[in-house]
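Per-chain residue numbering starts at 1, and chain names A, B, C and D are given in the order in which the chains are listed.
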Amino acid sequence: MTQDNHNNAYKFGMVIDLDKCTGCGSCMVSCMSENNVPFKEDESNKRDSITWMRVYKLTNGKSFPDTEIAYLPRPCQHCGGEGDHGHSPCVSVCPATATDYGYDTGIVSQIYTRCFGCRYCMGACPYHARYFNWWDPKWPEGMEKYLSPDVSPRMRGIVEKCSFCYHRYQAARDKAYYHGDKDHIKEEDYQTACTTACPSNAITFGDLNNPAHKVHQIVKPDPHPDPRNHHVVGKSRNPKVFRLLERLGTNPKVYYLSEREWVRKQGDHYLEGEWDKIKNHHGTTSHG
Amino acid sequence: MQSATRKKQATKVIVSSVTSKNQKHETLNFNGELYMKVDRRSFLGLGLGAVAGVAVSPVGLKLTDDSSIWTQNWPWTPVPVDGRVNYEKSVCSLCPGSCGISVRKIDNRPVKIEGLSDYPVNDGGACLHGIAGLQYLYDPARVKTPLKKNGDKFEKISWNDAIALIAEKLKGIRTEGTPEKLACITDKDQGSVSGLFRRLLETFGSSEFYTMPSLESYLELTASTFHGKGNTIAFDLENANFVLSFGAGIIEGWGSPVACFKANASRKERHAKLYQIEPRLSNTAANADKWIPVNPGTEADLALGLCAVILKNNLFDGSATINFMGGFNKFNAMLKRDYSLSKTAKITGIKASEIEKTAKMFAKAKKPVAVFGKGRGDGAQSLKELAAVHMLNCLVGNINKKGGVFVKPVSQYLNFPSQSMDRVADAGFGKNKTGSTVNQLFEKIDKSAQPLIEALFVYNANPGYNLHDSKRVKKTLDKIPFKVSFSSLLDETAMLCDIILPNHTFMERIEDVPSGAGFAKTVVGLSKPIIKPLLNTKHPGDSVILIAKALGGNVAKSFEWANYDQCLESVTSNIWSPLSKRGFVVISKGVPAYRPLVNVSFLAQNPATINAKGDYALTLIPIDNMRLINTGTASSPFAVKTVSDTVIKGKDIVVEINPLTAIGLKDKGFATLTTPLGKARVKININEGMMPGVIGMVRGLGHTFDNKYVSNIGVNINDLIGQVIEPGSGLDAAFGIKAKLVAA
Amino acid sequence: MSELENKAKNDSTISAGEKIAQKIKDDKGLGQGVILFIIAFVVCFAGSTLLFPKLLYSKKEQPFNFDHYLHVYEAGDCEACHYLREDGSFSGIPKLETCMECHVEEPLGVTDDEVVFVKEYLAKDKEIPWHVYAKQPDCVFFSHAGHIDTGARMDFNECHGPIEETKTSRTYEENRITGYSRDIWGKNIFGIKKNSWDRMKMDDCAKCHKEETGHQGYCFQCHK
Amino acid sequence: MDSALIPEGAKRCSLPKFSIGMAIVGAVLLWGVWAMFLCWFKGLNQTNMNDYYGFALWIWADLAVIAVGGGAFFTGMLRYIFNIKELKNIINFAVIIGFICYSSALLILAIDIGQPLRGWFIFWHANIHSMLTEVAFCLSCYFAVLTIEFIPNILENRQANKVPFFHHLAHNMHGIMVIFAATGAFLSFFHQGSLGGVAGVMYGRPFAVREGLLIWPWTFFLFTWSAAAYGPSFTLLVTKMTEVITGKKLVKDNVVHLLAKISGWMIVTYIIAKIIDTIYWAYVTAPSLGFKLSHFYTDNSFYGYWILITEIVICGIVPGAILVIKSTRENPTLRLVAIILGTIGVCLNRWVMVLQIMAVPVMPFDTWALYIPSWQEVATTVLPVAYGIMLIALAYRYLPVFPQEKELNSVKPITESE
């Protein structure tokens, strides 16, 4: 498979309904227990606390009683990079090829045993989705027995991040092989741990390339580059859907949905007056 | 001549380098000597040759590679063992939510808890505490074996000795003819294990069976106040189209949390509205269609004010009032007198127009429901507030209608065989209970000079942490001469007990788990042992049976099961077959058929509103945060990890305050919080979502047991709030307390 | 003044030309130096190549000898013990449970190994701590389903060698530094492969993938 | 006692005095070594870096020493390729400073990475798209070149030079030094550039990202340029410091003036380019991503506008002007001020291009990140300074670093031989 052959490739993505998200934290814990994420005595310094899925609190900045809050869960955005060519901000900078872009799935990998901990990828990622293992992971005596063999525990001195629960894709692929249909992973056979855990069903996961999948139906990704910024590909044609920092051209595969304008506006930076001009412009209209 | 000597020496060098590999020193010495004799070039040749030889060999490359691979397989990084993946169904009993769970196992090792699809409560969803459930299994603070207190320390004791010791103490109490001096505190009165404790007390001769304050207990109290004893209340949130919540943290763990999350999430598709009334912009308030900030502690007044608007405008359901009794006119007159729009507006701090609008919207909604139980619904409440809110439901006639309130009898799915009572048991059981609630029990023990209670069983409850003025509660516990804890963890109350009989955790035991806490359906689930007990623990049911057997006489006769497993099968015989096969039984779903009477006499007297204690300028109120457990157990390390740094920072607790009231206080700065009960060092979070004049502090921190990941963080808010007992109901109605905050 | 300094002073009196002349004279020793170089080179090269692996790998015997040949003959095929599960995962080395399907109560043969098996493991209900020659490190995800009949239809020999013909279990060698099985890094210290199964490092996987699928695969294909 | 090793005709302090000085600096060095081992054995939790500040003091130190070490390649290029004869009197010292800077940079990198034993993966599993790969390759190669450039000077030690082989080797190496100087200049151009590229290619970071030429963002060229401009200033600064410490004049004024003049013109041209770059970035690049300049500089006093003004005006335009104008350049005090400001300026530029990038929040709901280095970070950053002082001291004591020293300090003039 070459870089340009996207035809048979999956493009796994996610859409998170911020109006449904309650900030309850199920996705975070589900992710941690699924992926053998360690914990330490003090996790209140959020800048050295490993949470592949992190829920940010957004406020509208108004004073009492007009204040509003929204929660924004932020997994790794699995950026397709400028023009969606696979040169994600992190992938392109890793000196040792410890992270790559899977053109077959659209998933950005992180190989713990290859990474030597230069942290360049962390600097390059505007979403702070990458975490460094400042400490050796340690579990209280006996607790390491709950670790899952599907995800290898990390060692100190390396970077880790959300993998879209890739091991679940591996398992789904194994199952598909067994049942003789290796080219078709069923939507329900590959769902991330945060998606299945969310008690509000705020998270939808699936193949953005597959019109039968719910993510595709909600996002309606535009296959054409944004005419005003050719780096941006896959913009949603749903006016209520946005991506984080879309203008940077990182082309994330995580989309957000909200009815609230102030929430959508927090997805990116806008110069004065800019928002009003572009808030309702989403994608090209040529293809339905 | 010279060259010949050199050759000879050179040969020696070769020989030595071949033969004396193990005698490096000699070779070196030899070489050293040679240096002076053999010319520089020969020596250089030899040395360079050796270096080049090793360099060209794969040794260097291999060692470089291996050392890097070593860092990839550090022996201190655990390697999880692989095996066959299998899933087991069970029910989570960490909270009253009773969600179905699916446990992923590798061979026999549980590795992940997930929500169980198609389970009637949670249908696949799960909360963070349930998902982190495995951390409780391996909790460092677990009690590993029965313990006996000796002075200040615990020592190990065998199960046999522990049971014998308890039986001996209890027999002593019975011999003295005061069996009523045995009391028991549990978390709930539903389910077979609570049933066994209650049965033990009754056959022993005591009616002193208490449950900790919980939403379920408030629901039953409200139902019995309005609709007669033996009833409970449930809210059909998933069908209601206008939810008027009086601070109920619908997405903060209120009721059956996951079921509530689901009902709330479906609001968007159903076009249902949620109005949230509370002083703080909680997550529920933020997620609601409208947030109505109300002065803390005036929710009851607001509800009555809304009732007044509805009555005044004739917006109530006339057909519903047919069932009203106990002085509806008197109630109406009271409202007119005490809850005019302007008065209500003044008390609650809400604009009159807003009150009027809300009342009208509520009354005109198709399927309105008013929900009570501030926060998670298990904190302090007054019956006045519960009743006032419920009155709204009664007025709009949504009782036992789809999308309304379900009034139904408390589920009685258990069939205990009749118990054997002797003379002592009858006499003791016939005596009056010391208090109507556990708060009252402690107050009476505290105030009494004589020991009212000689022995106490504590199961699944942590009054020493969880009740207001917990320091006083701990002192009161000290006044009870003999205390037995049935706990998995060495929690605050267990630490004060004389004997600890450690329980299997919910992952290790079988148990019937009934749903409750206002959930519309009545479901009984079966919690199953997912893993063999890790430690020397027992099923609490087995512990009770063993104690009963050791007591002998009529008590033993009432516990003729070989073990808890047998007991469970027999007491659930009506439903055992589907329960054991499917893992759950739906006892009732849909709208209850009957139309209960509505007794308004309690409200008609206009009971007094309970005010916060003290006379400081600010009011401290508790915050229920979904990511922290606020009952006796501490949250899991994962849950604590998710908590924002605006709640916990380092070991400090952070309190919320509006910028208008934060005069002299800096965001992220330290302050001393003072209430009539004590002081605490806190960090400040200046938050626009908090009503001016109010300080918010999270519940669930300040644990003191031995788990460094979750304990000794922040303060326990219950240390700072003193209880205020509502006359009549006996409830601790002190939702908050007056406080001051000074920069430290 | 030190001796060194004196010497230096004396040396400095000799002109550069004289020095070069002296050098040429000394060249008689050049041959000797070269010979010494070659000898030292060969000795050290051979020494480190031959001795080093002996030091690097620890030898571990299997709990008892396992006769694959006999078991394949008795059980019919490999899949009787090593099979794919319904979910597509691979069963790997069988658990005691699988052994007991045949070795129910009494031994089926009378070898000493079987006595060990029955006494030490079957009777004590203890899993056999086999050393797995083909054990990949924890970071590797390997899909048997993707490689055998359900997938690429590879023959198991290609990675595991003709193990079905073995009657004895050879000594397991473990790298003392990395904990890897020697089979993974490679039998030969120079990395020379005679058979396809002589080494199972990432590059070996990638090479085959490149040949068979046209792409060596993305990291996550085999990593977890 | 060690007089046999000291260059002929040169006066050096007594060995005990020298030893005491070395011991003091050595103690600081050991402190750094101790911190280094802590970082290696306990991991990077010994630092105060975090997930927001993944690049911190070390990377700044790394970039700064490489920038100021740029004097070596640039002086080398001028000396050997443009054949500016006067510079032979300072080239040895420039090379030593370069050697110290580059070896320090490599050492810092070895401490900075989370898995030092896997550091070689950068070569073995190189990702050719990564600027850091380019940095690693060029840095290592250029370090090798600097070593080669340094060797002849070592061989010129009085005793070593007596060995005919060494003598000829040194002589021959000098002969072919032009090749190494050219290689060095080429390599240095690329790694100085790719260090700039490290920041410029981070298109997820609007503060860092720059448009550019081919695969290289403007920062690539700006970094090379600034290293060439400020590097000689640093060489002059260290020379001046050595002169002050030794109490001797070591380099003739005409050499100093020449290098200062070159540095000055380089600074002036660089700062013009930098201003153009800043304006384009502020008015075109950043706004196209939704950012205003105020976003980067307000809300945080530590990274206020002052840092931009200091870098460009006070530490750019001012030293550039001083060094370009003949009268101010030849005024020793003003020249000293200029070379100090210049050194600060380039270090500040590296600070901004590494740390402010990390500090500026990118997601609209994120906050500024700040950090205070731990003592281990400080110690390991001081370590190369101590090491540099020791190496310069040793080199000065035992090697003929300054060819003009004898002439400037001796009563009887000795003709130079080469």
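As a working rule, a contact is a pair of C-beta atoms (placed from the backbone, for glycine too) under 8 Å apart; a residue touches a chain by one contact, two chains touch by 3 or more.
Nothing here was measured: the structure is a model prediction, and the numbers come from that model.
Chemist: What chain sits nearest the middle when you go by CA atom centres?
Modeler: Looking at where each chain's C-alpha mean falls, the closest to the middle is A.
Chemist: Counting only C-alpha atoms to place each centre, which chain is farthest from subunit B?
Modeler: D
Chemist: Could you let me know which interface, B-C or B-D, is made of more C-beta pairs in contact?
Modeler: Contact tally favours B-C.
Chemist: Could you tell me the distance, in whole angstrom, between the mean C-alpha positions of subunit B and subunit D?
Modeler: 59
Chemist: What whole-number Å value describes the gap between the mean CA coordinates of subunit C and subunit D?
Modeler: 46
Chemist: Centroid from C-alpha atoms only, then distance subunit B to subunit C, rounded to Å. What do you get?
Modeler: Result: the chain centres lie 52 Å from each other.
Chemist: Report the inter-centroid distance (CA atoms only) between subunit A and subunit D in whole Å.
Modeler: That pair's centroid distance is 40 Å.
Chemist: Going by the touch rule set out above, which residues of subunit D reach two or more other chains?
Modeler: 115, 118, 121
Chemist: What positions in subunit B touch 2 or more of the other chains?
Modeler: Expected reply: 67, 70-72, 79-80, 82, 85.
Chemist: Residues of subunit A that touch two or more other chains: which are they?
Modeler: 45, 57, 97-98, 112-114, 136, 152-153, 155, 157, 171, in rising order.
Chemist: Tell me, which parts of subunit D touch subunit A in their complex?
Modeler: 43-45, 49-55, 112-116, 118-119, 121-122, 124-127, 129-133, 136, 198, 201-206, 287-292, 295, 357-358, 362-366, 369
Chemist: So in the complex, which bits of subunit B are touching subunit A?
Modeler: On the subunit B side, the touching residues are 71-72, 74, 76-83, 85, 104, 106, 109-115, 122, 124-129, 131-132, 134-135, 137-140, 251, 257-258, 261-262, 264-265, 268, 281, 283-284, 286-287, 291, 293, 534, 626-627, 636-646, 648-651, 658-660, 688-692, 708-709.
Chemist: For the complex, give me every residue of subunit B touching subunit D.
Modeler: Checking each residue of subunit B against subunit D gives 64, 67-68, 70-72.
Chemist: Going by the contact rule set out above, which residues of subunit D touch subunit B in the complex?
Modeler: Contact set of subunit D toward subunit B: 115, 117-118, 120-121.
Chemist: Contact residues on subunit C for subunit A in the complex?
Modeler: 84, 86-89, 137-139, 141, 143, 145-146, 150-151, 213-215, 218-221, 223-224
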